[in-house]
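Here you go, one structure.
Chain nomenclature is as follows: A, B, C and D, assigned in order of appearance, with residue numbering initiated at 1 for each chain independently.
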Amino acid sequence: SKFEYVREFESSDRCLPNTWMVVRLDGKGFHKFADKHNFEKPNDKNALSLMNEAAKSVMKEFKEITLAYGQSDEFSFLIRRDHDLYNRRSSKISTIICSLFTSAYVFHWDHCMVGKTLLYPPCFDGRVILYPDEKNVRDYFSWRQADCHINNLYNTTFWNLVLKGGITNQQAEERLCKTVSGDKNEILFSQFGINYNNEPEMFRKGTVVYRPKDRSKRSSNVNVEHIDIINDAFWLEHPHLLNKIRE
Amino acid sequence: SKFEYVREFESSDRCLPNTWMVVRLDGKGFHKFADKHNFEKPNDKNALSLMNEAAKSVMKEFKEITLAYGQSDEFSFLIRRDHDLYNRRSSKISTIICSLFTSAYVFHWDHCMVGKTLLYPPCFDGRVILYPDEKNVRDYFSWRQADCHINNLYNTTFWNLVLKGGITNQQAEERLCKTVSGDKNEILFSQFGINYNNEPEMFRKGTVVYRPKDRSKRSSNVNVEHIDIINDAFWLEHPHLLNKIRE
Amino acid sequence: SKFEYVREFESSDRCLPNTWMVVRLDGKGFHKFADKHNFEKPNDKNALSLMNEAAKSVMKEFKEITLAYGQSDEFSFLIRRDHDLYNRRSSKISTIICSLFTSAYVFHWDHCMVGKTLLYPPCFDGRVILYPDEKNVRDYFSWRQADCHINNLYNTTFWNLVLKGGITNQQAEERLCKTVSGDKNEILFSQFGINYNNEPEMFRKGTVVYRPKDRSKRSSNVNVEHIDIINDAFWLEHPHLLNKIRE
Amino acid sequence: SKFEYVREFESSDRCLPNTWMVVRLDGKGFHKFADKHNFEKPNDKNALSLMNEAAKSVMKEFKEITLAYGQSDEFSFLIRRDHDLYNRRSSKISTIICSLFTSAYVFHWDHCMVGKTLLYPPCFDGRVILYPDEKNVRDYFSWRQADCHINNLYNTTFWNLVLKGGITNQQAEERLCKTVSGDKNEILFSQFGINYNNEPEMFRKGTVVYRPKDRSKRSSNVNVEHIDIINDAFWLEHPHLLNKIRE
């Protein structure tokens, strides 16, 4: 028809070939969402499990994703540099992964958040980030896991001070404002008898979802672990995640 | 931390200022999704209403959207040229609108699709398209509504031939392959006594959701209508939708 | 050959259709270039004429350009919104116009800069900027001409203070640092008997190169004038420059 | 001023960090340009030398470029992945390199093209291409050098057939249209007594301009050679060109 020329205005947004793609999703306004749905503070085991379920749904659909990492209200998905998902169209990839994650989050809500009613539809933003080499990819995931650690140590201390220590939010903020990690560990231990290293690994490390080394299981199974991905050990044990698959 | 440099790899994707933005969403694999959920053919009133509910949820959240148009498994949202939503970041806008729509679709499923269980999480793709002037915007929506008309006339005739006419899908396809609009109207009328123009307007025209002229109601209310937006009448009656709001 | 896959890495950079394109070029390090070639201060008539010659060479080659505006070491070229030069590829357009301008600048040097030897190859940067409507285009050129006025009034006063007033560069800078336009006009008049409005128009207004209204002459001729393009008069007199050519 | 908002329309075009940048320039309409200026066929030694001079001017100015490769009317420049030239702005980089090359080409014309007058200003297009890893970079340059070989073997045979063999252009085209490399070598040898391998290396291999291994000389000197860059030898001998400089 004479209207079809409007298609010409769609722009091409193909991602550079031979480059790792990371899609990061982050909950929109989850501060409020967590409040309204009485998420446990600072970590709601069920809410985090729901995030993990949603991530697994995404990985079940997109075999191109070999690894995902989640913490708090965010999840990052890694797409291999040699893949050609949707001809590498950036907006196609980010919107579909973001949409599927969101959909699965709402879909699995009742199952994970037993007894809680979803009050309004949650939503996530998404973005594609390109990384040219493997070091950049590892540094990306290190950045997210370091962020998890820093926030979780802070939040754990903060909410212990408030909920068990009986001080106000503002007082807790002031108490923590100039402390370093060691100080927070100390507060937790001396004041609340908590050894931070014994806190649940899901809270301290976040969640890593990755495909197994065994090629035959790779497309149907994923491993879900709460482990360190900053040091070399994980990557040495799972070389297939970052190397070319050419076995 | 020493990992933070990876943020530098995020690229800027700001949309050109003073340009209309259209976000179009389209269901991924809805051919199969409609089948699996026994959508009525060719049009499932409830499924279309669910789409409209999801669109209303999006417009309730984003006041920058003044008009939306939906048909089949797609919806297009119009953002005014003078708005600055998320600093006009393309991927932020497309992913959030796409995610919220998806979320609302699943959220409202039970209410709209009475008695039907959602079997798996549906998902939508999304894209932002920029249009420099009002004529382009009107042509865009004309393109979508013309598409609705063409597909719906075809589908209506096709399914009448199959479901009432008792011929196979392939036979129906062959029967229709070289027909023009007039022929299809004729088949419907002579063979099934159907006057296409009496078919429900939601099926023939799709759904237009738009903010009312009255400024005081504009942010809380939207109108939902199944009307022509190809001709001038609609736009003349609602000049606030395309003109600068400077009352 | 097996190497040809590297072409895939070239990205598409098509400019949005139906949008005005401005290509602005600016001399790289022309502060030093002007010094080394003893350009007259603050304005070298020959150097400015050479810029204008180069711009004319560009417009002779590219009929899609309807208007150009130059001042100091810069030139801006306007390409009509309905044109399809190089399929609107941004880098193709900016590099070719920039290259041709540069080439013509060196080519015409001897003719314009009589008696002066070109000591080293000058170079210009280039960029494409998109403007969705005619008001934006006018504001763009107003911005450049206002910039010309401000700089030229400053430079004229500055160099009179230094060259005729016998004070140092630094003293002149201090003298002018908090002055407004009126003050500078006053200094010029009272101290040097100069009525700024009688300064050459090429210096005060810059140079406008545009195609004539007469369609038959449009592709072979251009007008070169030093006139105001901020007010409406110029644009009212030459409506073909911004309106659709549909005679 | 109230016009300055137009700057907002300039878009960011930063190249992905940690990625090799290649800037390729190519003469616009050099078929005609070579004709008009009586370039020797198929290779004009002086014209090629002029290209090389222009490339050296570019490398003298931009130390970030470690290697360049030229043939026919084109030149490609390699910018190291760790450099930050103009904050990696794509259009800034491509226009400035393209402009400087053009400028130097015209500037050095009289010196290289002894006795020939430049009839009109030549111009070049330019583009930036990103390559994520070293293999891609090598394949890029292999692609260009293979192209040089294929074209030069063809052109050498073609022009011998025409100029010495006395057949028309069209006849020569037909004669060559289904031949492979071996056939062309054979024609050259049997019909004209030419051993293609003894043709000048500048014609057969193109020109490689690169910085020397010795750090102290690197910024002031470049080597100019007509050698193979498809095989490993060159790159093994000059590992500093593709590896991180971390001595």
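In the analysis below, a contact is a pair of C-beta atoms (placed from the backbone, for glycine too) under 8 Å apart; a residue touches a chain by one contact, two chains touch by 3 or more.
Quantities reported herein were computed from a predicted structural model and do not represent experimental measurements.
Shared contact partners of chain A and chain B, listed by label: C, D. Same-residue interface: chain A and chain D share over half of the residue numbers found at their contact.
Spacing of chain C relative to chain D, judged by their CA centroids, is 31 angstrom.
Here the spacing of chain B and chain C, counted between their Cα centres, is 46 Å. Distance between chain centres (mean CA atoms), chain A to chain C: 51 Å.
Shared interface positions of chain C, i.e. residues touching 2 or more other chains, are given as 9, 11, 16-18, 130-131, 136. Listed in rising order, the residues of chain D touching chain C in the complex are 1, 3-7, 9-11, 25, 28, 57, 90-92, 94-96, 98-107, 118, 120-131, 136, 139-140, 142-143, 146. Touching chain B in their complex are the following residues of chain C: 16-19, 81, 130-133, 136.
Within the complex formed with chain D, the residues of chain B that make contact are 8-9, 11-12, 14, 16-18.
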